[in-house]
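Before anything else, here's the structure in question.
Naming follows writing order (A, B and C), and every chain is counted from residue 1.
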Amino acid sequence: MNKPKVNQKTILAYGLLLPAFIMCAVFIVYPVIVTLLNSFRPGATMSMSRNRELEFSLSVYKDVITDPVIWTTFGRSFVYLFGSLFPSYFLGLGTALLLNKSFGGRRVFRTLVILPWAIPGVVASIMFLWMGDATYGIFNYLLKSVGLIDAYKAWFFDEELVMFSVILPTIWKGYPFFTITLLAALQSIPLDLYEAAEVDGCNSVRKFWHITRPEILEASVLALILNGLWSFKQFDIIYSTTKGGPGVATTTIAIEIYNEAFRYFDICKASVEGIIALAMCAIVVRIFYPLMTREGK
Amino acid sequence: MKKALVVLLSLLCVMSSVLFAGGSSEGSSGEIVLDFPTWQAEEGGFALFWKDMVEQFEASHPNVKINMTQIPFNQFTDILITRYSANDAPDITHIASRFFEQFASQGWFENLDPYFEEAGILEDWTSLQSSMVYNGHNEGLLVLGYGFVLYYNEQILNEAGVSVPTTVDELKDAILAIEALGNPDISAFGVTTMQHSNTYQDFSNFVVGEGSTLIKDGKYNLTSPEVIKAAEDYNFVASRAPKGVSTEMLRQLFVDGKVAMIIDGSFVVPLLETADEDIKPYLKVAKTPFDYTPGTISNSLHMSANLSDERKALVWEFMQQVASPENQILYANYTQGPCGRLSSSEGISDPMIAFMNEVGADTRSILPDSANLMRNYSRFTDTVITYVLQLQNEGADVAGIMAALEADLLKNSLEP
Amino acid sequence: MTHRKLRRSGLYLLLIALLVVLLFPIYWTFQSSITPSRLILSTNPPLLPIELDMTAYADVILRRPILLWLGNTMLISIVATFVGIVLSLLAGYSLSRFRTAGNKIMGFLLLLSRMLPASLIVIPVYMMFSGAKMINSYTALILMNITNIIPFSAWMMKGYYDSIPRELEEAANIDGCNWYGAFTKVVLPLTLPGIAAVSIYSLILCWNEFLYARTLAYDQARWVFTVGLASFIGEHSINWSQIMAGGILFIIPLVIAFVFLEPFLVGGLASGSVKG
C-alpha cells in the first residue's frame, strides 16, 4: 500500500525546520511574555518576580500612545533607520557590482571592503567620536583642508548635525553586510543570461535593469528587512557616541527604552514601548512577507 | 541524516555538561565564597586597596573566600541592575553612589543603621554620608566622597601672565588672558560638553561654589538672582570650552597640555603621572576659585537585603574592616585622595593627599536636597543636562533657559 | 583594446578611491594606536605614521590576557557558527522546498525574534540562565549566539535554495537518491557562495557580540574579546592608544578567516556548471 506522499513530506518539512525554530523560540518566548506581562502592570518594579501581584491595566498603553513625545521618538527612529538603511544598501550594491567583475587583486579588495563590519562597535564608536571632535577631530581638519567647510563643525554636539553624525558610522558598519549578501546573490546568476543579452546587443545599464535587478530582488528585500530590523533596534553606536543627546536629538526608540528600563527604572513604560516597536516591525515584515515567500523558479 | 542529528545532539549534551561552569558559592568543605564584583579590581590605587582588603579578610576569616571580579566600568551598573532584577544580587555590593537612591527605591538594600550604631562609625565619618540615607535610615557606607579641586597648567598661566585664580572673576580674567595668547591648540578652561552626568556636576559646581543651591526651602531656586548669576558664570566659561568633549577626553586634553584649567575630583591625580615629561612638572592642583568647595559622592558599599543572615554578618564584617582607622589611612595613601573617616587625616603625611583630605572634609554637596529628586536622579539630571547644554552656547539667554528648565521639571513631576 | 584598458584602469581608480574613503576610519584606528594621544588629539594631527610607537601593542599583549579573550571568542564563535549554520541549512531548505502553512508561520516567527529591543530581552534571559545555573558558562553564550545566527542564515539560505531549480533534485531522485542524497550531492555544492556568505556573517556576528557576553559571562575567565576591549574604558580615563591597538588586534583573526572563506563566495551557478 502506498503511504500518502503528503504525510512524509510534511514530516520532513517540519523536521528540518523545527530544530532551528525551537532553538530561537526558547530564548525569545520567555522575554516576550515577561515584557508583555510587565506592560500591563503599571508601577511594575525591576524585580520581575515580584510583579505577579500587581493588577492588569492598559493605562500605560493609553499614556504612551497619546504622548506626542513618544511619536517624535519613533519619528527619529525612522529618520535614523531610513537615513542609514538606503545609503548602506546602495553602497553595498555598488561595491558588490564592482567586486563581481573579475580582475587582478579582487580577493584583496574583497577582504578590505568588509573590514568595517569586523571592527568592534566599541572601537568604532570611539573612533568616530574622535574623528568628529569639534576642536581636534581629523574630519574637520580634512574637510577644511580641501575647502568643503570653512569652519570647524561640532559634529557630535550641534543638534542639526548630530543625527547625520550617528548615521554615518551606522552606514559604515552596515554596508559590508549588503556587499557580501548581494555579491553571493550576484554569483548565483547564470552567466548564460548575460551572454545571451550581449548577443542581443544590450549595454550594461539594460543588462543590469533586466537581468541583474530581478535576480537579486528577493535577496535585496530580505537583506533590507534584516538590516532594517538591526538598524531599528540599533543601540550601541548611538549610545556610545552621543548617549541619545545632545538633549534628545538622537534619542531613538531603542535609546528611549533603555533609558526607561535601566535608568529611570520604569519597566512598565519600557515594556509598552517595546511591544509597540515589536508590533510595528511585525506589521512591516508582514506586508513584505509575500514578496519574501514567493515561489522559487 | 538521522544519525547525523543524533550525533549532533549528543555532542551538544556532552559539551553542555563539560563546559558549563556556573559559579558555585559554596566552595569545598563548607567554605563560603563571597561574591564581590567591582570595577576597581584591576588597576590603580583603588585596586591595591581592595586587594589588600580581600587579603586581610581572608586571613582573619579562614573559612571564607572573597571572589573579587573585575567588571568594565561602563557596563557595571547595567550588569548590577540585571542581577538585582533577576534576584541574583552579589554578596558585597559596590556601586557608583549616584545610583544609590535608584537602587534603594526598589527595596534592594539592607538597613545598616543597627550595624552602624553598634560600631559607632557615623560619629567619625564624612558628612557626605547623609546621601546614603533612604527612607530615614542608612542603606550604604560611603567609601569615597570628595571635594572638587582646580587642576591647572602653570606653564600656560605664566605665559598668559596670570596667577592661579582664587575667585570667579579672576578665573574669567585668566581665561581671557589665555585666549589672548592666540594659540589654536590650547583652550583656557574645559567642561564636559556632551550628554554626560558630569555636565550636571560642572554646572552645579558653579551654583554651589558661589554659595547658592538649586533648591531652597523645598522649592526650586532656579530663577533666583544668585543661581542666574552662577549660570551666567558657567555660560561664560562653557561657551569658551572645547565642544563635544567627554570628561575622559577633557582629562586627557589637560594631561596633554591642551587645556589650561579644569575643575575635577581627586582621582585625576594618578592620571597626572602619565603626562609627558616636559608637561608633568607644570600640572598642579589648587582649591576651586569658589567661595565654597563643592563636593559630591563617588562610590559606596551596600548589602543586598536578600542575603542569608550568615552572609549578612560576614558582609558587615567586611564593611567594618574597610572602615577601620588603619585601613582608612591605607585608603587615602593608596588612592592619593580623601577617605571616609574624618580622623584619618591626622595620620597622613603626603602633602597632596593631606590637601585632598582637607578639601574633602569641608565641602558642600552638589546633590539636590530632595528625596524625590534623588529617587529620580537620572531623570532629573537628564532634564537639567538638556538645558545646561543650551547654556554652553555663546550669547545664550540664561534667564530664559533657567525659567524653561524649571517649567520643564515641574511639568514632568520632578518637584523637589 | 585601449577601450578595455581604459575601463580597467577606471575600475581600479574607482575601487581605490572607494577603499580610501571607506577604510580611512580603520587606518585612523591604526594610526591612533601607534601615535601618542597628544599628537592625535590636536589641531594638526599627523596624517602619516611618523614614529612607529608600539608601546600600546606591547602593553595590550603583555599586560592583558589577550590570548584568553581570543580563545574564549574563538571557542564560542566557532561552535555557535557551526551549529547555527547546520541548523540554518536544514531550516532554509525546508522554507524553500515546502510551503506549508506551518512553515510560513514559523518562518515569520523566526524574524519576530529579532524585533524585540535588546534592553527588554536582557533581564529575562539572565533570569533563565541564572535559574539553570548557567551564568558564566560557555554554553549560555553559545546558545544565545546560535539564536542570533539562525533567523538571518535560514532565510538567506532559503533564497539561495530558491535559485536552484527543483528539476536537479528530481533528476537525482530518478537516479535513486532520497532527499538527503539530493540535498548533499546536488543542492549544497551549488549553494556554496550562500554558505560562505552566511558563515562570514555568523562569524562576524559572534565575534562582535557584546550584550549577552557582558551580561551572561562577566567572570574574567570567560571574557570574550569585546568585553576585554570594553575594560580599557576606565572609571576616570580611557587608554586611547591601547583600545585602538586592541581594535586592530581584534580584527586580525577575522581577516584570516575571511581570506580562507572568500574563495567560496565565487562559484555555484555562475561558474557555468549548470545550464540555466
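Convention: a residue touches a chain if its C-beta (ideal position, glycine included) is under 8 Å from a C-beta of that chain, and two chains touch if they have at least 3 such contacts.
The shown structure was predicted, so the numbers you read here are calculated from the model rather than taken from an experiment.
Chemist: Count the C-beta pairs in contact for B-C and for A-C, then report the pair with the higher count.
Modeler: By the number of C-beta pairs in contact, the winner is A-C.
Chemist: Which chain's centre, taken as the mean of its Cα atoms, is farthest from the centre of chain C?
Modeler: Here the answer is chain B, farthest from chain C.
Chemist: Report, in whole Å, the distance between the mean C-alpha point of chain B and the mean C-alpha point of chain C.
Modeler: 37
Chemist: Starting from the mean Cα coordinates of chain A and chain C, work out the distance between those two points in Å.
Modeler: 15
Chemist: Mark out which residues of chain B touch at least two other chains, giving numbers and ranges.
Modeler: 78, 85-87, 249, 253, 258
Chemist: Chain C: which residues touch two or more other chains?
Modeler: Residues 41-44, 123, 127, 230, 233, 238, 240 of chain C touch two or more partner chains.
Chemist: Show the residues in chain A shared as contacts by 2 or more other chains, in ascending order.
Modeler: 19, 46, 48-49, 133, 135-136, 262, in rising order.
Chemist: Provide the residue numbers of chain B that touch chain A in the complex, in ascending order.
Modeler: Chain B residues touching chain A: 5, 77-78, 81, 84-87, 102, 105-108, 187, 193-196, 242-246, 249, 253, 258, 376, 378-379, 382, 385-386, 389.
Chemist: Inside the complex, what are the residues of chain C that reach chain A?
Modeler: Residues 8, 11-12, 14-15, 18-19, 22-23, 25-26, 28-29, 32, 40-45, 87-88, 90-91, 93-100, 102-104, 106-121, 123-125, 127-128, 143-144, 146-147, 150-152, 154-156, 159-166, 179, 191, 193-194, 196-197, 200-201, 204, 207-208, 210, 225-226, 229-230, 233, 238, 240, 243-244, 246-247, 250-251, 254-255, 258-259, 262-263, 265-272, 274-276.
Chemist: Mind listing the chain C positions that touch chain B in their complex?
Modeler: Residues of chain C touching chain B: 36-38, 41-44, 79, 83, 86, 122-123, 126-127, 130, 133-140, 142, 180, 214-215, 218-220, 227, 230-231, 233-238, 240.
Chemist: Quick one: in the complex, what on chain B touches chain C?
Modeler: Per the stated touch rule, the residues are 1, 8, 12, 15-16, 19-23, 37, 39-40, 42-44, 69-75, 78-79, 82-83, 85-88, 184-185, 248-249, 251-253, 256-258, 267-268, 271, 276.
Chemist: For a test of understanding, state which residues of chain A touch chain B in their complex under the given definition.
Modeler: For this pair, the touching residues of chain A are 19, 45-49, 129, 132-136, 154-157, 242-248, 259, 262-265.
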